[in-house]
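Look at the two complexes coming up: chain A is in both, with chain B in one and chain C in the other.
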Partner chain A sequence: MVEDSQEIIGDYQYGFHDPENSTIRFDKGLTEQVVRDISELKNEPEWMTDIRVKAYRHFVERVMPDWGNCSLLNMIDFENVTYFLRSSDKTEKSWDDVPDDIKNTFDRLGIPEAEQKWLGGVTAQYESEAVYHSIREDLEEQGVIFLDMDSGLKQYPEIVKKYFGTVVPHSDNKFSALNTAVWSGGSFLYIPKGVSVEMPVQAYFRINAKNMGQFERTLIIADEGSTVHYVEGCTAPNYSTDSLHSAVVELIAMKGAKIRYSTVQNWSSNVYNLVTKRAVAYQDAVVEWVDGNIGSKLTMKYPSVLLKGEGAHAEVISVAYAGEGQHQDTGAKVHHLASNTTSNILSKSISKGGGRSSYRGLLQVTPKSSGCRSKVVCDALILDEDSRSDTYPTMEIGNSSSDLEHEASVSKVSSDQLFYLMTRGFSEEEAMGLIVNGFFEPFTRELPMEYAVELNKLLELEMEGSIG
Partner chain B sequence: MMYHQMPIPPRSEHLWRYTPWHRIHPSKPDVIPSADGIVFKTQDNVSLIETSSTQPTSSEIARTFLHECKGSSYNLSLDNIAEPIHINARCSGHVSVGTLNVEVKGSAVLFIHLTGEPEWAGIRITGTVHPNSQLFYGFINELDSNAKFLRCEDWNLQRDASMENATLSLGGFRCKTDIRSSLNGTGASLRQAITVNADGAQHDDEHVEIHHHHGHTYSDLVMNSACGGSSHFIGTGLLTIAEGANKTDASQVFRNLLLSEKARAEAIPELEVLADDVSAAHGAASAPVDSEQMHYLMSRGLNPVDAQNMIVSGFLNDAFSNLTNAALIKEMRTRLTVHLECELKR
Partner chain C sequence: MTEEILRVENLHVSVGDVPILKGLNLVINRGEIHAIMGRNGSGKSTLANVIMGHPSYEITDGHVFYRGQALEDLEVHERARAGMFLSFQYPASIPGVQVGTFLKKSVSSVRENPPKGREFRKELTAAMSQLSMDKSFLSRYVNDGFSGGEKKRLEILQLLLLQPHLALLDETDSGLDIDALRIVAEGINEVAPNSASLIITHYQRLLDLVQPHFVHAMIDGNIVHSGGPELALELEERGYDWLDNAA
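For the complex of A and B:
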C-alpha cells in the first residue's frame, strides 16, 4: 500500500485503483508456454490453441514497426508485462454477484447506472476477463447474441471459427499477432438478419493492476439488414510504470447491415494503446467508426474499413486530444475494393502542453472499383508553442472514374473568436473551453447523449489551466 | 558516408514507397556506373563555369549516388541579371550525370531545359538565394520518352529571399524528382508549381520537401498532374514548420486529373507542425474530367477530344497561377502549350 500511495494520480479522474485480488496471475513475460497455458486455462478447442501458437511465433519473428513514434515504441518491455490476470472466477449476470471491490470500481465509473438508463446490454471487463455481462431479454428473444468473447467461443465455436481472424489476420502486424496469441475477453456480438438493436450495447474495459497487458478481442457480425450501435469505454489507474493495451476488433457488416462502433478511450497516461480495428462492409452495408482518443501515453489506432460490396459506405469520425507526454497517432483507412462505394473521414485533433497528435490515413481505390467517392477532412488545433501536430495522409487512386478529396489545416485558436466570447462576459479560460467543445462538436453530436456530456466534461478537465 | 556503405532505403519510407531505389537506379543498386557528363550551355554573358570539384556529399542515397557518379559539374553565379537566362542541359549516352550549383544575388530569371536521348540521366542542383535576393526558376524536362531520370535539388533561401520554382515534367519513361527547400531566414518566401503530363506507361514520382526553419516565412506549393494511358503519377510532399517558426503561412495543393481507366495517381501531402501560431493547410483531390465541363464545351461545338484537351490544358496551366513573375509564367505556359499541341498532332 505504501508503494501504491506513491503512485501518481494527478488530475486524471479515473486514476484511482483498487488492491489486486487476483484468483490467477501469470508471471511476467511471454513464452510459447504462457500462450498454451492461457488456452488450456480457458479450456479452448485445439484449433484456437494452434492459432494462438502460430500467432506467437509470428510475433516473435516480426520486427517492431519502423514508422511512427519509434522511440516510444521501442521502450515497451514485453518481458515486464503480465499477460493474464483473472480477477473473478466467473462472469456474473447480476452486479450483486460481482466481487465488491470490482463492483465499486464500475459504480464509480457509472456503468450500472448507465445500463439501467440507456443501454441494451453491457460487458464489463476487469483485467483479462469479463466480470459482468448482461443483455436485455427482448434482444435475446430476437436472437441477438451478446457475450464476452470467451463465452462466445465456448457457446458458438462454429461462428467464431468461421469469422475469427478473417478481417484482421494474426500476420497483419506485430500487435495483432500479439493479441491473437494472448487474447482474453472482449465482446462477441451477433445480430440476426433484419434485427435492429435500438439501444446501444456497451463494453467497458478497465485495467487495474500494474504492468498489466490487456488484450481483448472483439468480433461483431451484423447479418443482412440488421443494425447495431456498439459503445466502448476504457480507463486505467495512473501508475508510474507502463501498461499495454493491444486489442483487435473485427466487424463484419453483411449486405444492407449497419454497424456503428463508438469508442471513447480515456486510458491513463501510462498506457500504450496499440489497437487494430478493421471492418468489412458488403453490398450496401454501412460501417461507422466514431473514435475518441483522450488518454494513453501512445495511441496507434487507425480504424479501417474494407468496402467489399457495391454501394457500401464507410464513415470515420475521430477526435484526439494530446496533452503533456502524450502522442495520439490516429487516423483512418478506407479501401474501396468495389464499385460505387463511398466514404467520409473527419479527423480533429488538439495538441496542448507539449503533446503530439498525428493523423495517419490511407484512402485506396483499386483499379477495378469505378465510381467511388471519398472526402477526408483533418483539422488540428495547437494550443501552445511546445506542442506538435502532424498529418500523413495517403491517397492511392487506381482508376479515372473516382472522385477523392483531402483537406487539412493546422492553426491555433482564433483570437477573433476568443475576443468575441470574452466581450460577452466569458473568461478567457471559459471562452477557450467553449471553442474547443465547439471544435469537437461534429464528434460529440454522433455520441449517445450521456457520452457526449461526459466527453465535454473530460475536455473541460483537460483544458483546465490551459490559459496563461 | 560512401554510397556502398549506405543501406538501401526501405519502402516504408514514403519517399521510396512507390519508386524504390532499385527501380530508378541505372542498373543494379550495388553498382556505380561510369557516367558521361551532362553538357550545360547558356548565353555568353552568363558566368557558367565548369569545375572539377563536385558538390558536397549528403546522407541521402540518391544525392550520394549522383556525387559518386562523377559526371560534369558547373557553378553558376547570378548577380542581378535582367534578361532571362536559358541553360540547355543536354544528356546523351548510357548514363549521363551533371551537377550545378547556383548562387543568386539580386534578381534573376533562370530556365533549365533538359533534353537528350540518354538511357539514364541524373541531375543534382543546389542553390542559395542570398538575403533580399529573388530567383524565378523554371525547369523543363523534355527528355526522350525512353529515358530514366533522377533529379535532386536543394535550395537554401536566406533572410527575405524569395524564390519561384516551376517544374514542367513532360519527358522520360520513369522519373524520380526530389526537391528540398529550406527557408532559413525570416521573411523568406517560396512559391512552387509542378505540372506533370504523363501518358503511355510513364511513371513520374515527384517529392517536394519544404522546411520552414524561421518564423514569418511563406510557402505555397501547387502540384497538378494529368495522367492518361496507363501512366502512374506519385506526388509526395513534406512540409515542416520548426519549433518557434511562428507566423509561418504554408499551403500545399495536390490535384490529379485521371484521363483513362488504367491511369493511377497517388498523393501524400504530409505536414509536421511544431509551432502554434501558424497557418498551415494542405489539400489533395483526384478526379476524372468533369462531365459538366465537357458538356459545356461540347454544347459550344467542340468534339469530345478537343473539349478534353482544352480542359486538360486549362487544368495544367492553372498550376502556374500562383506564380507572379510574368517571364516565368509565359515561358512555362508556352512550353506546355507547345507540348500539348505536339501531342495532338501525333
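For the complex of A and C:
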C-alpha cells in the first residue's frame, strides 16, 4: 500500500503512516445515531447534543455547494468516512505518556522540539482527539486558557455555550453543519483582558487512519486589549483513498484585541480540506489570517472577518500551491459592518503540473459603514502550460466615502530570470525553487521563522523533478 | 607561462534563421583583459551570452572551448560552477529573494571551497565596502527596484565573490556616473590578474580605468580588427566606418 500510494502521490515527505491502534472506532457512515453516540461518548451536556442533532439534520437537507469544484465535491462519499476514532484514552500533559507510535509521529514532525524552543503551548490532535496538551505555566498563571475543545467544553461550559456557533452558525454551509454535528477536538483558547501572549501557541492536526474524517472545532476568544498568535499545522499519510478534513474555526476579538491565526496546511493529496474560518472584530480590534495551503486534493477555504466595531482592521495573507491533481479554491472575505474599518487582502497562488488555483473573494461595505478602506491584491504564478489559475472577486460597496483598491496579476516565470540564476550556479530546478520562494516571500516573512524555513524547503522539494 | 582559458573557433551563431555571429575566433589566456567594441547589433552581447550557454542562440558551426573543454554539453549552471561568469547589461530581478540569501547560495554552489558562516560574512562585508555598498542592500530583493547603477554594483559584487576563471562583462559601464564607474573598474581590476576577462563596451571611458591588453573591433558578427589599447582610442575617435570594408 505504501509503495502504491508513493506512486500516486510522489514525494510528499509526511506521507508515512503508523499502524492504526484505535481504542474506539465508529463504523463508517453517518446517521443521527452516530451523532448522538459521539456526544454521549464525550459525556456532553444536553444542549450540545441538541446542537449536534440540529446540525446533522441541516447537513442532510443542505445541498452541496454548486460552485468551487463541483465534480470533486460530488465525489465525496460520506458513507465511506470514519466519523470518530479515538486513538488514546487520555490527553496527556507529558510526551512520555503519549502512546509510543503516536509520539513517534509527532517526533518526526518536529513538534516536541518546536515546543521546547519557541512555543507557549501545544495541542497535538491525532485523528479525532487531542493526545497531548500543554501550556506554559506563566501563561496559565495570567489566566490564559488553552485546552483542546473537548476539555474546554467540560471545564468551561458557560463560556463555550455563550460563544459556540455564534460566528459560524451550523446553518452557514453544508460543511459547517457537518462539523457542528460531529465535531471532535480542536482548540479552545481564551486570553483574558489586557494579557499579551508573546510566544505563539500551536495546534497540530494529524490524520493517520485511512478514510478518516477529522472535524476539529476551534474557538478563540481574545478579551479586551489582549494579544495572541495561534499557529496550526496539518499533515496526513498518503493513501489512494480519500480522507475528509472539515474544520470550523471561530475567532472573537474584543475591543482593542489582536488575534493572529497562522496556518500551514500540508495535507497529503488524498485529503479533502473543506474548512470554514471566520472572525468577529470589535472596536479597534485586529484580526490577521495568515493562511498557507500547500497540500490536499481539494481545498475550499475563505478565511473571513466581520468588522463589527469602528476602527477594526482585518488582514488576510494567503498563499496556495496547486500541484498535480490538486485544486486550491481559496481566498478571503471581509465584511465592513462598521465605519472607518480597514482591511488588506494579499493572495498569492502558484499552479504547476496541471494544478489549479482559484482566488475567490468577497469584499463588502455596508451603506452605513462610511470611511472604510480596503486593498486587495491577487497574484498568480503559473509554472507550465497545463496549469490553471482563476480569480473570482466580488465587491459589494454600499457607499461612496469608502476607498477600495483591487489589483490582480497573473505571471509566468521568465526565461530571463531562469537564465540569470543559472549563470549564478543554480540548476534550473533550484532556480525555479528560488523564484517560487521569492514569490511567496510576502507570506513566509509573516510566519515564525521555523515555519518559514520549513515552508521554503517544502516548496523546493515540490520544484524537484518539475523541469521537463 | 600562458594558460588558455577561452578559445572560440570559427563560431557561427543564429537566432531562428538569422545568423548573428559569422565565424568568430578569439583566444583569452589567464591574466589577459580583452575588450570588444562595436556598434549596436554587431553581435557583442550575443557572443557573451553564447559563451555562457543562453538557450535562445543556436551554434550552427564552430566551437567554444573553456579551459580545454568543449562547452556544448554543459548546462548554464554547470558553466557557472566551472568558473565562468557573465555580468549582465540588464540583470533580471528576482522579487522576494533577498540579496544576502542569493549571494550566499550562489557562492556555495559556484566556489570550490566556499567560505562558510562568519568567513563568508567577512568576505561579503569587505567586498561591499570596497564597492561602497550599504549593508541595507543585503535585505533588498535581487535587482528589484534597483537603479541602473545599483544593478551594476551588484553584478560586480558577484564578480568579486564568485572569483571566476572567466569574466564576461557585458556593457558593465553603461548607465554609470563617473564615481560609480571608478568603483566598478576597481572591482574588475582586482579580479582580472587571476582570471581571463572579456569586456564588452561601446565606450572608451571604462577602458581608461581598466587597461585592456587587447582590443577587438566587431562588425556584423565578426572581429574585423584587433590591436592594443590604442585601438580603443582610435575607435572612439574615428568610429567604425573606416573598418566597414574589412567586414
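As a convention for this text, the second predicted complex is superposed on the first by the 458 of 468 C-alpha atoms of A that agree within 3 Å, B and C clash if a C-alpha of one lies under 4 Å from a C-alpha of the other, contacts with A are read in each partner's own complex, and residues count from 1 in each chain.
The rule is simple: contacts are C-beta pairs under 8 Å (C-beta built on N, C-alpha and C of every residue); 3 or more make two chains touch, one makes a residue touch a chain.
Source: prediction; values computed, not measured.
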Open item on the list: In the overlaid three-chain picture, which partner chain does A:199 touch, first (chain B) or second (chain C), both, or neither?
Closed with: neither
TODO: Using the touch criterion from the header, give the chain among chain B and chain C with more contacted residues in chain A.
DONE: B
TODO: Look at A:387 in the shared chain and tell me whether it touches chain B only, chain C only, both, or neither; answer first, second, both or neither.
DONE: first
TODO: For A:66, select first, second, both or neither according to whether it touches chain B, chain C, the two together, or no partner.
DONE: first
Open item on the list: Just to be sure I read the superposition right, which of the two partners does A:412 touch: chain B = first, chain C = second, or both, or neither?
Closed with: first
Task: Which superposed partner A:159 touches (first chain B, second chain C, both, neither) - done: neither
- [ ] Would you sort A:437 into first (chain B), second (chain C), both or neither based on which partner it touches?
- [x] second
Open item on the list: If we overlay the two complexes on their shared chain A, which of chain B and chain C does A:404 touch? Say first, second, both or neither.
Closed with: first
Task: Doubly contacted chain A residues - partners chain C and chain B - done: none
- [ ] Could you please specify the touching residues of chain B with respect to chain A in the complex?
- [x] 10, 12, 14, 243-244, 246, 256, 258-288
Task: chain B partner contacts - residues on chain A that touch it in the complex - done: 66-67, 367, 370, 380, 382-385, 387-412
Open item on the list: With touch defined as at the start, can you tell me which chain C residues reach chain A in the complex?
Closed with: 52-56, 75-77, 79-81, 85-86, 88, 91-97, 102, 105-106, 109-110, 141, 158, 162
Open item on the list: Considering only the defined contacts, which chain A positions touch chain C in the complex?
Closed with: 414-417, 419-428, 430-431, 434-435, 437-442
